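Structures for review follow.
Shared between the two complexes below is subunit A, which pairs with subunit B and subunit C, respectively.
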Partner chain A sequence: MLITKPKDSREIESYFEKRVFVFKCYGCREVYFPEQEINKFVEERAKSISGIAEVDYLCNESFSKIYIEKNAHVIRNSDVIVVFSCGVGSQVISKLMENNIVVPGCDTCYLNGFQGLTVLDCDCNQCGECYLNYTGGICPITSCAKNLLNGPCGGAKNNKCEVNPEVDCGWIAIYERLMKINKEKILVENKIFVRNFEKIIKGK
Partner chain B sequence: MEKQSFSEKLKEGKFVITSEIGPPKGTNIEPHLKEAEHIKDRIDAFNVTDLQSSVMRLGSLATCKLLIERGLEPVFQITCRDKNRLALQSDLLSAYVLGVKNVLCLTGDHTTLGDHPDAKPVFDLDSVSLLQVATDLMNGKDMKGNELDGKPEFFPGAVVSPGYEPLELQLIKMEKKIEAGARFFQTQAVYDLKSFEKFMKMVEKYRVPILGGIVLLKSAGMAKYMNEKVAGVSVPDRYINMMAQAKKEERAKVSVQIAAELIKGMKGLCQGIHIMPLGWEKYVPLVLEAAEL
Partner chain C sequence: MIDYTKYRLKPKNELDDVLKEVPGLFAIWCKKCYKAFENEEMPECNNFVELISEKDKIKGRLGIDFLCNRFLTEKNIKNLPENISIGVISCGLGIQTIAKLMENKGIRVLALADTVPQSGNASSIAGYHGITLGSEKCAGCAQCYLGITGGLCPVVDCAKSLLNGPCGGAKDGKCEVIAEKDCVWIEIFKRMQKQKREMSHPIKVRDYNKFSSSEEKKISTISFEKRTENFYGGVHPSEKKEITENLPIEEFPQSKYMFVFLSQHAGYPATAVVKQGERVKFGQKIAESSGLISAPVHCPVSGRVTAIEEKLHPTLLRKMPAIIIENDFSDERDDDIVSCSEWHSVPAEKLIELVKQKGIVGLGGAMFPTHVKFFPPKKPLDTLIVNGCECEPYLNADNRLMIEHPEEILQGIMLARKILGVNNVIIGIEENKPVAIENMKRAIGEKQGFILKELKTKYPQGAEKMLIRTTLGRRVPDGGLPLDVGVVVLNVGTVFAIYRAIVQGLPLVKRVITVSGEFERQGNFEIRMGTPFKDILEFCKSKISENAQEYCLKMGGPMMGIIQTDPDSAVIKGTTGFVLAKKFFVDSSEKNTCIKCGRCVDVCPMELYPLYYAYYGTRKMWEKCVEYGVKNCIECGCCQYICSSKIALVDLIKQAKRNANNKT
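Let's turn to the complex of A and B:
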């Protein structure tokens, strides 16, 4: 469940000076896939294209393998494989086609809350030490631009974050949520939190 | 008689005055040191900002050392924006061996607000955990509990924003900072004495010295900008009008008059003032004279 945008044409133009085989992944099309822009870009370079495979979920290795085998004769006569998908799809194709030049045609955008079935406002950083029981069920890591664990910075103005005035301050939201259940005092009682990044790095 | 240190003066309940040096973007520090030397007899300590507003500049610690060499007492501002916990602890130890005693522990502005908005924001610790780290180091331990070979002695401080809304949330954070070891506070710029008085009443119980923040207004435009953009700051219309009505060559005079009025009002309320001249260092003596300090 990732959102992509086509790469700046200047970055990938030189690949189209050779024979190019194109993968397009439609797996997340329901969420967002810049289909029209990509089709236009590819059509404008039609004379360089040796073949196109349109696939659902390139990230699924067994699907991708089938498509690679099906197109093996065309791919054999291609110099470069350009993959229009998220970074996961490009990595899978690259892994399955070790002896080919495989390059991504898209940049993958940062997206909150892409775990689960659909894009959500709530986001989980998978930090390995959930703080939600201390913060009224609002995550201080993902709702605060500075990932602060021990209260707000002084930067919020009119309840909005200093980084993005369109976003509410996560810590004010935490405070207001705790007020509703008369629990705001736990913010004082909480111990001083420091994150343990070893949990992410080693997956402990 | 040797000048009393900033912390000694606060301990004895004397009214203290701090000012601020923003290191330059480049190596041309000399004019800033000269400005500071010029007013050193009237200022108890000089805060040195740490890449203020997330703009890449000369470092805070090097500037602190230069101040010490000239007989001026620095307040080393250290933020969590650019360094992880290893670097922060190491810098605190470095500060101590260079003669720095006062450290002001801050979270720091976000990287995206400065002149390298594409930089990686660190924020491994925050102001509260950084204060706790300074306290741990003073107790001879690093933050993992490992024994230090030689321990530092600090006078740790922090900031508080009296105009923050909701104020109760700001006070919760202040309480955490005190618990972590903050021994003094400097505030965001104050322009409203009534609400500052209310704030001081609310924090009296903590028995920690507070230095009220003074920012010299340069124009009505600056005041309006701060009201719109700067968190916790609200300049009353009366001051905006005074600045708007002043002729260009009179603006500094009016600004000094406003600052002096605020300082006079603060004298009975808090334990000191922190002047942030933002380039108008030369007017600091006039402000102090007008405020009868």
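Let's turn to the complex of A and C:
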């Protein structure tokens, strides 16, 4: 899931020295949108703001286009357009207004489970060659910090990853899952996997 | 639009290998997301069966929408055959979800499909599209560079994810890694030139630790909790209650002419019992109930009947007869208004009759005649729930009633409790009404049998079925009533009306409404039924001077309210408020294409799949809508609120219900 957090104010402060038009995209509000922080930030700089658009799904190009056409006189006469949305929304507005300076007001972060419809505690890396058959349905690429395909690195301490102690070792979870379905032998019987990155380029 | 196809079947030899290992396979396939919803058939499962050698090993199949939605998927997987493995055709998320669900059942879950990479970029593997189906992608790197690159993303679109300019390998503007791709750094340069900007930012080094896993976990947890707290689904629109929550209830000035509709309740319209020219008094019955589910209507002022003519009804949206009364402003009271403070000694049947005679109906908006709920039930009844949620944005009518009249509401509850013969009372109030909660608590004091529940604020908490689920954990069966689970639900407004009807003898001729939004005078008003809309508009005055077409006036709240266009319509018993607010800049339409983003499924509190109402509704296949449970829909509007394609889902649902009822 793509979510946003406001950029450090020092990073975008200088834009507000000119006339700014602000886009706020509420599309993902039900998941997470730092609405209050952004509202406060914008209110504090009210005197340099020429207009505020509160819309949802900026990424829907046809709707965004209609909005821009309807409000063209205000938007195009602003010096800078600051977009509080995910990177997709910022790119769509940039594309629609190629001749204007469009800057993002947020950093976009990734929550597990984006390509599905909702936030999840598991994730898919879109590798193009699913390994889940051999790992009891736990993805080694997304649950192992080192993306190891052929077993653990051996560095886990008390079940925790050595790269990031906040996270459980994915390979221990895989082993435990396979024990539950009496298939732990898979791990020793299988051939060695080498990841084929070409699948990503030719994925389309 | 781009079809973000998320998965494709694994090759035949791999599938055959997998099948060799298992005695039998139950195939579950995801019906896909993020694609234009133009074809209901998904060939994947059939293709899979075609492809494999050992076809007889397939012991069953099941297609599910949005497999990664663990809550609904778990509900949908039932009656699994014995001694099988489950094969999943879906992206990695769906497979992992099923694997987790089956973990403790000891069932092996197999992946039958590979996930299709979306970024097309070898070094920046992840690239995610937005909710809608555009070509732009975002890697979620947590350090957006778009401000310095003219709005083109070097992380996703440069094959090497370079942040500080091109690698120098591009030939004829094309990438050296993926020859069919344009070099994004050349595009960035061109874009910057158009904007007359220089590329002079300091050197950037990507920080892979910008978004820590603890932060991610925190946000994921918040999101999970929001979705399932109280009940599954629901939305959190801006409340806007702060505008009117501290404004005391005022008496709304009486109008010269009142338009009193004969239909102010669910069921049969009442029959007028007064004639043109007749003099009527305040509180006099002017229309008699005409059936089991019906309610009488009383005169809200004193004066003279000038006509009975048709006016546009605010909820039925067609011309309905209304009694027009010319007000003489003397407020001469009818003799029937007799107070009765000794109700403790009055038998329940007598009280029900009083509730019926005083025309009490549910004031939450549905206007169901209250006396019908009071008829001795054929099923066991153990709890009375009093609904003080008022989850619609802007509205504060119930909130103000609880703040200003907690004692009266409590007496009303005692009356209802006596009539129903139950001891347990649960009063449900959303957390965003702290003063109301405090005042109600004080009124309840030490009284036995009362529980006040503070509920998390979430729309539609005030819907009967959600409230029962949250407070008692009981599920009203499909097509059933609260009575089926031993509950009667009454709105606080209704309880207050019961108190007034019995203790003060007042029939239901006044109620509290909230007028809010783009009005010069906003507030909570005690208004008489039959007050024409034009008088409200004149008294409260719209602030809008230009672009009036960009705003709309709704009777009720912004979520479930009904758009009003005729100032000659009038207040009825079910009017909870008036909200004049800016419309979204694109109108909801039935013609927009669903892209299966799944947001509606995510928020539907009835756990339905609203996208099918868009698909089958526009194709007028009503029986299919029924198959997908359209009759269970409570028309709360969450799906339409969240719809990324702005599809007029509620209209389609209403049509589907109407057509389904016509057929059966």
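Just so we're on the same page, the second predicted complex is superposed on the first by the 202 of 204 C-alpha atoms of A that agree within 3 Å, B and C clash if a C-alpha of one lies under 4 Å from a C-alpha of the other, contacts with A are read in each partner's own complex, and residues count from 1 in each chain.
As a working rule, a contact is a pair of C-beta atoms (placed from the backbone, for glycine too) under 8 Å apart; a residue touches a chain by one contact, two chains touch by 3 or more.
Bear in mind the structure is a predicted one, so any value in this text is a computation, not a measurement.
**Student:** Answer with clash or fit: subunit B and subunit C placed together on subunit A by superposition.
**Tutor:** fit
**Student:** Once chain A of both complexes is superposed, is A:87 in touch with subunit B (first), subunit C (second), both, or neither?
**Tutor:** A:87 contacts subunit C only, not subunit B.
**Student:** Have a look at where A:107 lands relative to subunit B and subunit C in the superposition and call it first, second, both or neither.
**Tutor:** A:107 sits against subunit C, while subunit B stays out of touch.
**Student:** Would you mind checking which one, subunit B or subunit C, touches more residues on subunit A?
**Tutor:** Per-residue touch count on subunit A favours C.
**Student:** State whether A:193 touches subunit B only (first), subunit C only (second), both chains, or neither.
**Tutor:** Touch partner of A:193: subunit B, not subunit C.
**Student:** Angle at subunit A between subunit B and subunit C: what is it in degrees to the nearest 10, using CA centres?
**Tutor:** Here the answer is 140 degrees.
**Student:** Looking at the overlay, does A:156 come into contact with subunit B only (first), subunit C only (second), both, or neither?
**Tutor:** first
**Student:** Mind working out whether A:49 is in touch with subunit B, subunit C, both or neither, as first, second, both or neither?
**Tutor:** Touch partners of A:49: none, neither subunit B nor subunit C.
**Student:** Once the structures are superposed on A, label A:184 by its partner contacts, choosing first (subunit B), second (subunit C), both or neither.
**Tutor:** First partner only, subunit B.
**Student:** Determine, under the contact definition given at the top, whether A:126 touches first (subunit B), second (subunit C), both, or neither.
**Tutor:** So A:126 only meets subunit C here.
**Student:** Could you say whether A:60 touches subunit B, subunit C, both of them, or neither, answering first, second, both or neither?
**Tutor:** After superposing on A, A:60 lies in contact with subunit C but is clear of subunit B.
**Student:** On the combined arrangement from the superposition, state the nearest Cα-Cα distance between subunit B and subunit C in Å.
**Tutor:** For subunit B and subunit C in the superposition, the minimum C-alpha gap reads 5 Å.
**Student:** Where on subunit A do the contacts with subunit B and the contacts with subunit C coincide?
**Tutor:** On subunit A, the overlap between the subunit B and subunit C contacts is residues 197.
**Student:** Going by the contact rule at the top, pick out the subunit A residues touching subunit C in the complex.
**Tutor:** 1-3, 5, 7, 12, 27-32, 55-61, 63, 66-67, 70, 86-95, 98-104, 106-133, 136-139, 164, 166-167, 177, 180-183, 197-201, 203-204
**Student:** Spell out the part of subunit A that touches subunit B in their complex, as residue ranges.
**Tutor:** 145-157, 159, 162-163, 171-172, 175, 184, 187-188, 192-195, 197
**Student:** Flag every residue of subunit B that touches subunit A in the complex, lowest number first.
**Tutor:** Listed in rising order, the residues are 85, 107, 109-110, 112-113, 121, 123-129, 132, 143, 159-161, 164-166, 168-170, 172-173, 175-176, 179-180, 188, 229-232.
**Student:** Okay, in this complex, where on subunit C does subunit A touch?
**Tutor:** Touching subunit A: residues 4, 6, 10, 18, 33-34, 66-70, 91-100, 102-104, 106-111, 113-122, 125-126, 128-132, 134, 136-144, 146-147, 150-153, 159, 177-178, 191, 194-195, 197, 210-217, 219-220, 222-224, 226-227, 235-236, 584-586, 597-599, 601-603, 642, 644-646 of subunit C.
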